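You will see subunit A twice below: alongside subunit B first, and alongside subunit C after that.
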Partner chain A sequence: MIEQIRNQADALKTVIGQQPKHGMDLLLDFARLYGVDEDVENEILLCQYELNVTNTEGGGISDALKIKLDGIADAIVENYDPAKIEIRVQKEQILADNVRQKRIRNDVVLSANNIVKKYRKSKFQLKADNIELRLGEITGLVGENATGKSTLLKILAGEIVPQLGEVNYPLFDPKNQKNWTDLKMRIAYVPQELTKWEGSLLENLAFEAARHGIKGNKNKVAVEYIIQRLGLALHTDKSWAELSGGYKLRFALAKALVWHPQLLILDEPLAYLDIKAQNIVLSDLRNLAKSLKNHLAILISSQHLHETESVADQMWFMREGVLENLGSTNDFNNNRDYNLFELSCALPFSSFHQELNDLGRIKTWANDEIYFIKTPLSISADNFIDYCQSKKIKLLYFRDISQSVKTKFYDTLI
Partner chain B sequence: MFFEIILCVLNLFYLICSEVNKYCCLTKYLFSNLIEANDILSRKSEIKGYVATAKLDLAVKRCIDFYQDFGIDDDDDAVLLSMRFHEIIKNEKMGMWTEDVVITRKTQIAMSILTMIKDFSNLQPTA
Partner chain C sequence: MTHLYKVYAPKFLNNFDKYLLRNYPVVWRTQILFMLVYSIVCAPLLYLWYDSYYSFLLLGICYWAYRQHEMDLPFTTIKDTLLTLLLYSLYFSLLLWFTRFDSRYWTNPNDWTMLFSYPIMCSLILYFIPLFPFKYWSVLVIILCWLYFIVTDEQIKMELGFSFLLIPLLFIMRISISAYKKIYPKFLILFVSVLFINILSVSLIEISIKSYDPIFYIVQVLGVIGAILTTYVRALPKR
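Right, the complex of A and B next:
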C-alpha cells in the first residue's frame, strides 16, 4: 500500500510541475485521503493562496513553492498511518453528527389573511391573503411598478393599517395584543427612500443598538460585530454626505441588523447597488437569515427578479394590487408542460422566427431586443442551443426561465 | 516513463473517485448557497475554499458566521481577526505599507483563519 501511495505522490509532483493549479487540487484530495491531520491540508491551502496572490503569467509556479509542495507530498507518504487517519475521520464524523442536531427554528414570524387596503382617490385596491413569513427564510416580492409592493410591505411592517384583514406576529405577540410600541421594536423595516442621518455611522449604530436595549459593553460588541460582518470597517467615520448610494443602503442594513431583529423587511434594497454590491448584499442576507444562532425572516421587494430568486426560499408576485403566493422557489412551475427561454441574437425577430421553423410547435414573441421562445418540454435548453448552433444563429444572451417567476410576467402570452 | 506517470495519475484519479462518496463533503469547495447551516464540515470547507482562492474578505465574513453559530457567547476571536484584516486593507489603500508587507500580513490572516477553524473543531465535543 505504502508503495502505491509513494508512486501516487511522485505522479502528483510531476503534475504540479506541469499544471500547478490542477496538481494542487489533486494534492489536496491526496492529503485528505492519506494525511494524518488537518495541518497538511492547511499547508496546501496556503500554497494555493500564495499561487493565487502571486498569480504569475501563464499560471507557472515558483521554485520555492514547488519545493514546498514536493515536501508536503513526501511528508504525507512518510507520516502515513491508517490508524491515525481512521481516528481523524471518525472525529470529524462525530463532530458533524453532533452539530447536525442543531436546527433553525422554523417558527412563523408573521402571518396575514384577507388584507385589503383601498385608496379612494386613485381607486387603487390592494389584496393579500394567506401569507406567512418564517424564521430562516427569505421571501422575494416581485411585480411590475406601481402594483402595490411598497404598500404591502408598509402594512406588514406596521407602518400603515389595512381597512380589512389582520397581520399577526405569533413569535413576538403570541396573545395578539398589538402593542405597536413593543412590536415596532422587533421589526426592522428599511424603506426604499432612506432617511438622512446625522453624525457618523459608528455613532448611529451605537444609538440604534441602545434604542433597542443593548447598552454598555454589549453595545460595543454588537456594533463592532455588525461593522465587521457587513464589511463596513473602512467607512465608520463617514457621514451621510460622504457615502455613495450603495453604502447608504449597506449602512441602513447595518442599522437594521445591529439589534438582531427576527423580522427584516426591505423595500427595493438592490435599487441603488451595482451588480457586485447586489451580490454581496444578497449573499450577506442569505447567510444572516440562515444563521443557526440569530436566524431571521427576511422579506425583500425587488425589480431584480433573477437576483432575488437566487436567494429566496419563497416568492410572492404582485399584479395590479393582488398578491399571489407562488410558494417555494424550488417547486415553482414543476408541473408545467412547456419550457420558456429568453435570449437575444443578432438576427431581426422575423428572421429569427423563420429560422425556428424546423422546431415544430413553438411560440415566439419579442420584448424589444429580448426574444422569448416557448417550446414543448421535449425541447430542453441544451436541445435549443444545439439547434441554434446547427442553424448558425449566434446567441448573444440566453436564459432558461421555465422555472423562474419571470414566467408570471408573460403568462397571458404563454 | 511517460506512460508510467499517466498510469499513476489515472490510478490516483480512480482512487480519489472511489473515495468520493466517503468524503464528498470535503472533496470540492462548497459555497454558502448550497450549504445547510448545521453542516459544519461543509462550512469549514467553504471557508477553506475562500482562503485557497484568495477571497479573504469572504473567508473572514464566513469565519465570523462560523463563530457566531458554533462558538460560545463571549468568543469574539473572529471579529478581532476581521478588525486586523480591515486594518491591513486600510493601510494598503492609504499606501502606508509596501506590497511585501501587505502580502505578508494577509498571508498571516489566511493562516489565522485556517488555524482558527481547525482549533475550533478540535475544541468541540466529539463524544
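Right, the complex of A and C next:
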C-alpha cells in the first residue's frame, strides 16, 4: 500500500511541475485521503494562494514553491499511517454524528420577542415573534420582495431599533447591559447595499482581522486563507472601483468571515454571485456554522430559495411584514396531504393539462413557463415522471417541492 | 491601489507600515508613521532650501486630513477613539516643538502649554473630519477653518479669509438649481458652521495669548467628551 501511495506522490510531483494549478488540486485530494491531520490541507491552500499571487499569468511555478509542495507530498507519504487515518476518519464521523444530533454547544446567540417596527409615512408594519438563533445553526429567511426582510435583519444586527420588543444577545451580553460599542464588534452584518471602502482589499482584510484581535502571523494566515477560499487571490491589490459587483460581495463576505464572528447576518449574499461562487460560499457557511472549533450562528436572507434551503437548519418566511417561523427544514410539511411538483416542458400549458387527465384528482397551474402540479400523496415524484414518460411528455426541468418552503409562495393556490 | 506617499517611501517604512497594520490597527489607520517621516524629516530639509516650513507642511496636513476622511472612522471602541486622539495630539505636539521658535506663526513661542493645548484642539478637529456628514467642500471648509485657527500670521489669515468667501461661490457653481433646492438645508448648515468656526477661531486666537485661560481648557474637555459621545452614539441602533 505504501509503495502505491509513494508512486502516487511521485506522479503528483510531476503534474505539479507541469500544470501547477491542476497538480495542487490533486495534491489537496491526496492530502484529504492520506494526510493524518488537517494542517496539511491548510498548508496546500496557502501554497495555492502563493501561486496565484506570484504567478498571475498562469504559467510556471517558482522553484521555492515547487520544493515546498514536493516536501508536503513527501511528508504525507512519510507520515502515512493507516491506523492514524482510521482514527481521523472515526473522529470526523463522531463529529459529524454529534453535529447531526446537535450535541455541539448550541447556545442561544440571539433572541427576540414581539418585535414591531412601523414607519411614519407608510402603512407597512413589521411583526416578528419568538426569534432564536443558536450557535451551529443556519437560518434561512425567505419571502417576497418588500416584505420587510432587510428591515428585520437590520433590527437583529442592531442597526435600527424597533418600536416595540427587544433583541437580546445572551451569549455576548448575558446581563443584558446593551453595551453597543462592544456588541457591534461581535456581530458580523453584511448589508444588501455594500458600503464603499478605501485602500486595497488586502489592507482592509488585515485591518478588519487585526481590530478584532487576530494579530501578527495569525493575521497573515487568516487573511491569506480567506482570500484563497473566496477566490480573491488575483484581486488583493485592487480598490473598490476596480472590482465587479460579485467580487465586491465576496470581499464583504471575506471581511465578515476573516475574524471568526459568532453571529453572522447576511442580507442577500447570493444576489451577485455566479453559480460556482454561490456553491463555495454556501458550502463554506455550512462548514463554518458546524465547525466545532469556531461554530457560529448564521442568518441568511435570499431569493435563491433552493440553495438556501439546502444548507439551512431552520427556515423563516415573511409575508406582508409578518414573520412565520417554519421550524426545521427536515420536518417542514411532514404532515401534508399532497405532493407538489414544479416542472417545465415543451408542451403548451393547456395541452400539458389535458395529457394529465388520466391522473385523476390533481390541480395544475402555470407561472409563465413553469408549471405546478398538486397531486395526492399516492402519486410520488417517481410515479409522476414514469407517467410523463409513458405519455411521451418531454420534461425539460423537474423538481419535487412538496417539502420546500416554496409551497408557502403558492399556498393560496394550493 | 497604492498611494503616492507609500510609493516614494523607503521599503523599511512600508514594511513597518505592514507590521502596524497587522499588529496595531488603530495606529495604522491614523497613517501617523508617514506623517511623522514627511513632516519631521522631509519638511525641515525643504525649509533649508526655501524659507517656509509651513507652505509644504500645510499641504501635507490637508492631504492627511483628506485621507483620514476617505478612510472613514470604522466602528471603534472608546479606547480606540482616545488612542486616535492621543496619536493626533502627539503628532501636533512634535510639530509645534519643532517650530516653536518661529515667531511668524506663533504669537507666544515661549508658552509651553501651547505644546499640549493646541495639539488637542487640532487633533479634535482632525478627528471630527471623517464624521462630518457632508463631503468634499465641507471637508475643505473645515481644513481651512482649522488652518485659520492655528495660524496667527496676519497676512496668511487674510488670505485664508478670502478663501472662505470663495467657498460658497464654488459650492453654488458646482451644482444645478434643482440640486441646490434639495441640498439647501445642508448649505444652510454649512454656512452656519463656517460662521461659527470663524467666530470660534477668532475668539480662541484672542485667548491664545493668555493660553492659561480656563475657557481654552473647557473647550478641549468638551471636545474630548464630544468625541467619546460620538463613538458611543455611532454604535447605537438608529431610530
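Here, the second predicted complex is superposed on the first by the 298 of 414 C-alpha atoms of A that agree within 3 Å, B and C clash if a C-alpha of one lies under 4 Å from a C-alpha of the other, contacts with A are read in each partner's own complex, and residues count from 1 in each chain.
Following the convention adopted for this analysis, contacts are C-beta pairs under 8 Å (C-beta built on N, C-alpha and C of every residue); 3 or more make two chains touch, one makes a residue touch a chain.
Remember, it's a predicted structure, so these values are computed and weren't measured experimentally.
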{"item": "First (subunit B), second (subunit C), both or neither touched by A:L33", "value": "first"}
{"item": "Which superposed partner A:D237 touches (first subunit B, second subunit C, both, neither)", "value": "second"}
{"item": "Contacts of A:K215 with subunit B and subunit C, given as first, second, both or neither", "value": "second"}
{"item": "Touching partner for A:E355 - first (subunit B), second (subunit C), both, neither", "value": "neither"}
{"item": "First, second, both or neither for A:T181, with subunit B first and subunit C second", "value": "second"}
{"item": "Partner chain(s) touched by A:G158 [first = subunit B, second = subunit C, both, neither]", "value": "second"}
{"item": "Which partner reaches more residues of subunit A (counting touched residues only), subunit B or subunit C", "value": "B"}
{"item": "A:E132 touches, of subunit B and subunit C: first, second, both or neither?", "value": "neither"}
{"item": "First (subunit B), second (subunit C), both or neither touched by A:T14", "value": "first"}
{"item": "In the complex, subunit A residues that touch subunit C", "value": "155, 158-161, 180-185, 198-200, 203, 206-207, 210-211, 215-216, 219-220, 237-239, 242"}
{"item": "Touching residues on subunit A, where the partner in the complex is subunit B", "value": "4, 7-8, 10-12, 14-15, 26, 28-30, 32-33, 38-39, 41-42, 45-46, 48-50, 52-53, 89, 91-92, 94-96, 98-104, 136, 221, 224-225, 228-229, 231, 233-234, 283-284, 286-288, 290-295, 310-311"}
{"item": "Interfacial residue positions of subunit C with respect to subunit A in the complex", "value": "1-2, 18, 21-26, 28-29, 70-72, 74-78, 80, 231-232, 235-239"}
{"item": "Residues of subunit B touching subunit A in the complex", "value": "5, 8-9, 11-13, 15-16, 19, 22-23, 25-27, 32-33, 37-41, 48, 51-54, 57, 60-62, 64-65, 68-70, 76, 79, 82-83, 86, 89-90, 93, 103, 106-107, 110-111, 114-115, 118, 121, 124-127"}
